[in-house]
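Got a structure for you, questions after.
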Amino acid sequence: MREITLSQAVNEALAEEMRRDETVFIIGEDVAEAGTPFKVLSGLVEEFGTGRVVDTPISEPGFMGLAVGAAMTGSRPVVDLMFGDFIFLIMDQLCNQAAKTHYMSGGKLSVPLVLRTNMGATRRSAAQHSQSLHALVAHIPGLKVAMPSSAYEAKGLMKTAIRDNNPVVIFEDKLMYQDKAPVPEEEFLIPFGEANIKRAGTDITLIGTSSMVQVCEKAAEILAAEGVSAEVIDPRTIVPLDEAALLASARKTSRVIVVDEGHQSFGVTAEIASRINEKAFYHLDAPVLRMGALDVPIPFSPALEDITVPTPEGVAEKARLLVRGEMIDAA
Amino acid sequence: MPLDVIMPALGMAQETGQIVAWHKQPGDAVAKGDVLFEVETDKSTVEVEAQADGFLTDVSANKGMDVPVGQVIAKISDSAESAPQEGAKDGAAAATDALPEGKQVIMPTLGMAQDTGLLVKWHKAAGDPVATDDILFEVETDKSTVEVNAGADGFLAALLAGEGEEVPVGMTIAIISAEAPANPVTRKTSAAPVASKTAQPDTDAPPTVKQARPQAKPVPAKDRRILASPKLRRLAREQQLDLARLVEAGYPQPFHVKDLELLKSLPSGAASGTGTAQTASCLTAEISTEGFTAFSVWACETADLPDPSAILAGFCAASMGKDVNVAVETPGEVKTYAACTRLRATEATDAAPQIRLRDLRFTAITTVQVGAEEVPTLTLTRLGEGLSITFEFAKGHLNAKDAISLLSNFAGRMEQPLRHLL
Amino acid sequence: MAKKKTNSEDYLRMYRQMVRIRTFEDNANQLYLSAKMPGLTHMYSGEEAVAVGICEALETRDKITSTHRGHGHCVAKGAEFKEMFCELLGKEEGYCRGKGGSMHIADQSNGNLGANAIVGGSMGIATGAAFTSKLLRKDDVAVCFFGDGATAQGLMYEVMNMAALWKLPVIYACENNGYSEYTKTEEIAAGSITARAEAFGIEAHQVDGQDVLAVNALTTDLVARARKGEGPFFMELMTYRYHGHHVGDINREYYRSKEEEKDWKDNRDPIIRFRGYLVSEGLATDEDLDALNAEIEADAEAAVKYALDAKYPDVSEVDMHVFADIKHALA
């Protein structure tokens, strides 16, 4: 199968959907000729024109609000938010307007909108361009949240998101835009709420999101060399969450580590760990562990930044503790 | 059809409105838009207009009254006569008898067979501030006059019994409120008896088998937990294997599923099947207020009982309902008493103890789990303002029913030592 | 179906709609006062000529966005009393199935995109509706209702900028009732309100919001021009709210005098003024109009009674309409 970059995969998904449905348009800062700073959208304005690939002023709440209204009236906007950190600027439009409109109208209005943005540290971009804020969005009922872990997921999830009748937020890891993965030439979609078992194993389950799926896979390699069989699961969407698949794996291996690049406290790892604890407790042979970004603003210096995110070695080390049955903290 | 006149909801968070004035009298003709009455709420006064033409009738709320929002306070009728049915209720009537909120002070049970106490004297007047240790009143019971402390800080919001009255024990005779009362209440018991919330005296019951107070609930203490994973516990339960065997065999905890095979391979020793519960039984009682310390001071000064340890030993004997040798251990000292259900008869002895009382109230220790010793052991530890009382004993010492009875009697005495007087 | 604006039928319809709004609000106020209505509400009484003058210039397919003070817009855009009172009381038959209440009331089928409880929160939505109109080459117009208080929100400037750049068919209708909650408008708005729009090159008008014919004439003109791509436009409608900011705002002397309130009610009431015009022009008699008023009062009374007796939504509705394609979000 051919291999393309995550960036190309997103671009293909958008182009295919815009050809299929004339109500789909892209709106955001420097999305047209510039094709975004990461060049993900290059070439789209040439095909679809500035009427459907719309450059905006630097007005995040403004174009987000505009997209909500457009979505309510028959369009399918794909909002491009240049950095995930800017999500704080659009919170009212995303969380008070887009997320609640269907509910508040008793199901009569809907907001079929995609918010494309990014996440991920270690790009030396410091505290306001490095955050992974998906947990904030996942907390709000009415929003779906997708987290592609490779070019394949990026394309399939984007196409599903555009066809979904709800507001969907897609977080792409900005460090993965140039990562290649096999992506079929023929059209495909990835349904929401279906986890992907990336690697089967029997001794421990490693649940990873976005780039942390790769971290978990590398940790599984390390563990395999030591005779420990790790299962790696990628939920692919955190809302909806494929709870059944995660629980089944937890029951099978009886040990789980959840790895996610959001801050560890009050985050995605805590939510998943808690559900496993509640629903698979009597199958657990060890406490479910969370591994997230350190609870500090992301620092600039490479010496500091690199230690804020989970690494394969770190995940493998925790996995060994669980598999050996060592005392975890003050258990 | 008459139209209801309703106390309107005017402010943002308003539950009642006070009627400042009626602008119309019952029977008056009113026109839609006429000002009917004035309401005060949210610091302002609002005029409320009539919603229809007619005659004002059935006015059920008078000037000055606070009326709940939504309540009908009058009607606008087609004639000046009252509407026939639906006699409107006086919303404020129910509230007049209400007593102030606060801690209830009850007539204590002082003697062993006491129905009533003679209220000799109030040391405070209604409205006075009081502190926990202030003497609130004097009570004369069959043999003596006792001064009783307030037991709470606050203000004497209500005096519900008069000097010279014989008051049934358990009856509320005063209320101590946190805030200074606007209108402190003073009355006699004959004027408005207040239903007692506490238990009536059990005059026929022999002294040593009195029921424990409900607060002193004996609860089984947790066994020493074995650290094991949920999955291993589940599998062990399903296969009827006892994790305690791993402990006894000396394997380090925590245990996991990997230890299951090991557990299966262990010989099923004498201990299997019942675990640690066989060797030691343990009960714990918790009481929220500890009355013993103050009592022992009082007993020393008033009743010439200078040795608190002897009193504890006596409580022990009384709780068991028989004379018994009690070893009272305090840090650094052990003293054994031939304890008697009558306090004054308790004396030191050299005989071997039949029960031990370990008094750790004045140490930093909060929980104990010593296991069964040669005699049953009661241990006292501090628990906030109150006490935790742990009773550890071996199966052979006594049965569960007797153990519970002993502990609950003892806890009751530690909470309200006056019960034990004489 | 285009309406003829010159005949007496249209004038009587405007009168009727204004009286319907006033009657609706009087009944809503009574429901609140008698503690029969949950929550609180913001009365539109006094501002009827604004909603009616504007909405009578619109077609059903045209969109409006409304505000927390939205009952008037809802009635004017064609809603029925029965569903409105049901919504006000949280009943299943309400326009939003009881999930919106007073602050989100809207008859979506008549182009009302919802009342918004975030001050200024709908400005993006109205602009987005106009964007859809342009993207999909329709000639629908969107009207954004908002108060003077909302002019202090940054979103307004972001979306007016984009609307002007892209010539979107949106009309920003600023209902200036003189007070931003409990504060005089001149204390919260520096400079001129119309000048704010003019700074973006948007044609702006100030009009007497108590004169329904003036409002209607101006709007009719602007709507026609917006359909031709000459938008956006801005209107400042000078009006007055008779009640407090909300129903519980009873002690108002600290921000406005009873004399001022009385002056607006006695001398500038939009219904009294228009009634006088209709009678003096011989378009209707006092008897005709009294009969009309009585008919509307009876309608309202019946609708209130119906709503009071109507049933609440079944508790199983609580997790419905969270997502458009998931029947029960928590199932």
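The letters A, B and C name the chains in turn, as written, and every chain counts its residues from 1.
Everything below uses one rule, namely that contacts are C-beta pairs under 8 Å (C-beta built on N, C-alpha and C of every residue); 3 or more make two chains touch, one makes a residue touch a chain.
Note that the structure is a prediction, hence the values are computed from the model and not measured.
Each chain's centre was taken as the mean of its CA atoms, and the one lying most distant from chain C is B.
Ranked by how close its C-alpha mean sits to the mean of all protein C-alpha atoms, the top chain is A. Counting C-beta pairs in contact, the pair that comes out ahead of the other among A-C and A-B is A-C.
If you average the Cα atoms of chain B and of chain C, the two centres end up 58 Å apart.
Here the CA centre of chain A is 40 Å from the CA centre of chain C. Taking each chain's centre as the average of its CA atoms, chain A and chain B sit 54 Å apart.
Every residue of chain B that touches chain C in the complex is listed here, in rising order: 6, 8-14, 41-44, 46, 51, 69-70. Across the complex, chain A meets chain B through its residues 254, 281-286, 325, 327, 331. The touching residues of chain B, counted against chain A in their complex, run 227, 229-234, 254-259. Residues 22-23, 25, 51-52, 54, 56-57, 59, 61-75, 77, 92-93, 96-97, 101-110, 112, 141-142, 144, 164-166, 240 of chain A are the ones that touch chain C when the two sit in their complex.
By the touch criterion stated above, chain C contacts chain A in their complex at residues 63, 65, 94-100, 104, 106, 108-109, 113-114, 116, 118, 121-133, 135-136, 140, 142, 154-155, 158-159, 161-162, 165-166, 320-326, 329.
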